[in-house]
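Presented below are the structures under discussion, each in the form of structure tokens.
Two complexes come next, and they have one chain in common, chain A, joined by chain B in the first and chain C in the second.
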Partner chain A sequence: MSLRESLATDQLHRYRRGLFESLSKRWVFVGLTVVPALAVFTFVNLFPMLWALAASFFEVGALQPEWNWVGLENFRIIVNDDRFWSSLSRSIVFAVGSVGLQVVAGTALALLLNRSFSFKRGVRAIALLPYIVPSAVLSFVALWMGNSRYGIINQILVQTGLTQEYLAWYGSLNLAMPSVIVTSSWKFTIFVTIIVLARLQSIPPSIYEAATISGASKLDRFRDITLPNLKGVLFIVVLLRGVWMFNKFDIIYILTNGGPQNRTMIASIYAYRTAFSDFNLGRAAAVSTLLFVLLVGAAIVYFHYFEPSQEVRVE
Partner chain B sequence: MSADTPIGYWYQLPYQTRKKVYNWLLNLVLAVGLVIVLFPIYWMLATSFIPPEQLFSVPNPLVPTNATLESYVAVLETDVLLWYKNTVIFAAGVVTLTTVAATLGGYGLARLDIPYKKTFARVILFGYMFPPILLSIPMFIFWRQIGIINSLPGVILAQTATTLPFSLWLMWQFFQTVPYSYEESARVIGCSRFQAFYEVALPLAKPGMIAVSIFSFAIAWGAYTIPTILLTSNSKWVLTLGLYSFTQAESVLWGQIMAASTLLVLPTFFFVYYLQKYILRGFRATRI
Partner chain C sequence: MTIVVNSLRKTYTAGATEHLAVDGIDLEIGPDEFFTLVGPSGCGKSTTLRCIAGLETPTSGQILVDDEDVTDTAPNKRGLAMMFQDIALYPHMNVIDNIAYPLKVRGIDKEERYERAREVADLMQIPELLKKYPGELSGGQRQRTAIARTIVYDPRAFLMDEPLSDLDAQLKVEIRKEIQRVHERAEKPTVYVTHDQSEALSMSDRIAVMNDGNIMGVGTPDELYEEPENTFVAGFIGNPSMNFIPGTVTDRSNGLVTVEAYGEEFELELTDGVQEDDAVEIGIRPERVNVVSDTEAGRFTGRLELIERVGDRRLATVDVPDGEIRALNLRERGLQQGEDVSVVFDTNDIHLFDGKTGDAIKHPVTYSKRGEAAQLD
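On to the complex of A and B.
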């Protein structure tokens, strides 16, 4: 390396060092790390929430941007609307049914996958697939499989003699809600499986060995080691999934769009219709605000049992 | 226990045999579970290869007899490639924005003394609980007001609302498992604070960053609620919305829907197969 080149590299190093030094000043460093995340979070999470709160006191049309102050009128109309209350109770049925199914099936699948068997890695990867199938794809595949005239599920059921005739899974009054619950659980069961499997893997095998040596049976080990370890994680999963299923939109929107005869019109579909069928964004914002209040209630429970801001530092 | 009853007979068998039978039974249950998990995916694939006119002649064979690419050819003549391109841009945008903001923010929260940090943590996780439908209706009003509705940058920003809170929290937790002493050593030998972050902490946080990228990719790739509300013209659609274009008033083009779905799903399968250990490791770091 010639003297000139080495001087140039030297210069470059000095610039680089100077840049790093100035980036290390406390306020620059805070601005560089925390501020971008905080800014995006404020803009896309906090603003829309506040916007919904504000808009719920106005009449906002879907087509023109003017806002007209109406005070509590939006809330008064919603609270007096029977469809709102029945959609709320359907949301509860949907959430309780699907979360129950997901937690039981998801935990069972995680326990089955946590054993040792051949092709473990491949089998696990396959079992996790449904979680990344987009909800829209899942809904269309389910519509096709459950089709009342050409659906493969009806073909299999009739051929094996389990049912006498083809059923309209998503179109009949009594079957629509159970079908929607089962369909949405197909995907989100895997969420439970992923979380529970991660927790199971973090239980040290030595605990099980110690228990076995002291004469604990398989059942004892499950009851006294596995279950207590899963208790915390299952509580969080039930709460999170409960909130999400309560407000699920996309799957039901494609499968039934709230039908037949509003039998699957849960609160999120009600809010969507208020906004984009009745073209009343202000009232839809008021529905969002009411659902938001329910969410806050769930969040208080959540933070009471689970302290998310705890810190550990590994030295 | 006597050997006369079935239960008695069972317990007379040697322990090894019982264990083997028991294991086989559990494997059988697992196999049934896997069939339930896989059958819809299989049927999507199979339908996309069945000649469209055969779809309506019931009963369909479980294995397509004369497979054809007809549905795929028909799909490629529609706007699917445009929607695919939009999906790729959309997902790339969400993943980049989320990963960069979450990594920087997570590091800052883990290492710097900032007032109201714990309050902030609660607000972040509350954001994670917030479902897309409740966000997208006010977003529609707000985005329209500031003129970023029906645009890819606008919808990328909007979708980040569903990925950023959890990612930020995950990176925060992850940086706490990266030993601080490494950075301190770097500082002692003369590194600046930025250099310690950039050259020491960042490489160690790679598994966390990969977990965050996969998480946000999975959400963005399959997003439906926010795009369907914010993207009003079909030249801006992502593919999940485009699937709707194959349902017509009098008939539904099932073969084409399944072909387009297959095109949408395949890349994600590839991702998860190769990256599953990062997903599990990432979730483990959160200790939930």
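On to the complex of A and C.
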């Protein structure tokens, strides 16, 4: 190695060492890891939130640039609008129904996947599929499957004799809400499954064996070992899925657009219509702000009532 | 109360290959016997225990508890109690609920089961821990809780799967005593699994030594130590393990058999069992072997490779032509590592094994009968 080469290598080493040292500095590390996430959060979440909060006190037209201060007028109009309250109650029905379905079906699927059987991996992959598919794609697939004239679901039901005639799943007054609940649960059940399965697999098998030997039946073991161990994650899952389903917009917008006859017009659709059909951005912002406050209030009550710090026991 | 195992066989299939875990074994465990299954890891001892418990289903064979065939009985209906290597307390229940759990699944109401849990907690000297969670207990306290959980109901037998192997030496001794106290109190059969032969020797009424899914020998600790059935049992029981020296029978006459090994001749009192030219194996326990620096004095000479302390004794390892010999009966002071020494032992202390099958041919007259054991130094 020539002198020049060795000098060059030396320099390279020095350069690399310098890079490592500067990367190891606390503020550099913090900056590189936290700042990008913080920036995205600020621009995508925080600013729109503050914007909506501010806008809720103004009259903001979609087609005019100036904001007119109206104080609490937007809120007064909303709370006196029956459509808001009925949409809110539909949101609650949708959130409770779909979270309930997701938690029960997701936990059941996790319990199934926690056992060993053939094609387990295949089943797991298939179950994961709806979660990876974009909501819009899944919604259109669901629309075709539930089509009232040639949908595969109707065909199967009629051919097996479970129903007499083809049903308009997303188009009839009584079926629309259950249908959107089932469709959205189809997508998000696996979320519950993934989290519950992770917890299930961390329960040592010898605990089940100890319980078995000392006389516990399958039901005893589920009630006394599985469920208490799942309490903590189910708490988090219900909270997260509850918030997300309460705010759900895309799937319902595509499946029913709030119809038929507003039967599936949940609060987020109501806010959307206020903004983009009535072109009243200020009032839509007020709806969003109200929903936000309601959710925060519900979350506080939830935490207070269930005391997760005591329920979530970590060994 | 008894446990009987008849030609128990257990195989596992992993993909295309079949793995034999237990190869048709028979056991009979008496009413209040402390019975230990001992052997190297993978010998099938835990599988056997788990078959008795019902946690594994035998491929074939039969398990009887109190003359009742429980082979197809669900594990929660067998009325047994089991302790596990990882203790397996329920992490989300406090100590009293852990102890009372077997009573809960038997439908006993809360007041009574707490009452009984308190009684056994007193017995295990952990009454002050009842409100604590397993995560807050020390290793010994967890073991005591686990024992309490097995005796709170009246099981037909106790099964223990290496319950002491995760404990430190001092705690081992302490919990070992507790287990024996519980066993004596309950007067029920206990089946204990361990890989530690000294644990087996010190606790058991009888021991079965297992290897490769087979039982190599069954007997009391004394029987296994003094009259091992074959070279496997002889080598596994006793620490440090027995020395084996390969030899050949060169002569048989007048009730004496001459065996040649490493160029040395040994005359043993033996009338039958071997023919001339048979390959044999001489076994001699290190406790019976002495090493002296006078190279003319002993049977074999070799280099003193290593001297180490084992408890209150010194263990010498001597390199001999075809292997090494360990000696634990050292009398001479000042032996130096690396010097040439000779190995001394009494021909009367020799065990003789068949060179091909490994089966025992002759054992020394038992030490206890000769009244010599106490004179070892």
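Note that the second predicted complex is superposed on the first by the 276 of 315 C-alpha atoms of A that agree within 3 Å, B and C clash if a C-alpha of one lies under 4 Å from a C-alpha of the other, contacts with A are read in each partner's own complex, and residues count from 1 in each chain.
Just so it is clear, contacts are C-beta pairs under 8 Å (C-beta built on N, C-alpha and C of every residue); 3 or more make two chains touch, one makes a residue touch a chain.
Just so it is clear, the model here is predicted, and its values are computed rather than measured.
Participant: On the A-aligned overlay, A:262 touches which partner chain: chain B = first, chain C = second, or both, or neither?
Facilitator: Neither partner.
Participant: Could you tell me if A:240 is touching chain B, chain C, both of them or neither one (first, second, both, neither)?
Facilitator: first
Participant: Just chain B (first), just chain C (second), both, or neither: which does A:86 touch?
Facilitator: Neither chain B nor chain C is touched by A:86.
Participant: Between chain B (first) and chain C (second), which, if any, makes contact with A:55: first, second, both or neither?
Facilitator: In the superposed model, A:55 contacts chain B only, not chain C.
Participant: Considering only touches as defined above, state whether A:114 meets chain B (first), chain C (second), both or neither.
Facilitator: neither
Participant: Is A:148 touching the first partner chain B, the second partner chain C, both, or neither of them?
Facilitator: Neither: A:148 stays clear of chain B and chain C.
Participant: Show me the chain A residues, by the header's touch rule, that chain B contacts in one structure and chain C contacts in the other.
Facilitator: Of chain A, residues 313, 315 contact chain B in one complex and chain C in the other.
Participant: Using the touch definition up top, name the residues of chain A that touch chain C in the complex.
Facilitator: 204, 206-207, 209-217, 220, 224-225, 228-229, 313, 315
Participant: Which residues of chain C touch chain A in their complex?
Facilitator: That would be residues 53-55, 75-82, 84-86, 88-93, 101-102, 104-106, 133-135, 149-150, 153, 159 of chain C.
Participant: List the residues on chain A that touch chain B in their complex, please.
Facilitator: Checking each residue of chain A against chain B gives 17, 20-21, 23-24, 29-30, 32-34, 36-38, 40-41, 43-49, 51-52, 55, 60, 65, 105, 108-109, 112-113, 115, 117, 121, 123-138, 140-142, 144-145, 149-150, 152, 155, 159, 186, 190, 194-195, 197-199, 201-202, 232-233, 236, 240, 243-244, 246-250, 253-254, 268, 271-272, 275-276, 281, 284-285, 288, 291-292, 295, 298-299, 302-303, 306, 308-309, 311-315.
Participant: In the complex of these two chains, what residues of chain B are touching chain A?
Facilitator: Touching chain A: residues 23, 26-27, 29-30, 33-34, 36-38, 40-41, 43-44, 47, 55-56, 58-60, 62, 97, 100-102, 104-110, 112, 114, 117-135, 137-142, 144-145, 157-158, 160-161, 164-165, 168-169, 176-181, 192-195, 197-198, 218, 221-225, 228-229, 240-241, 243, 254, 257-258, 261, 264-265, 268-269, 271-273, 276, 279-280, 283-284, 288 of chain B.
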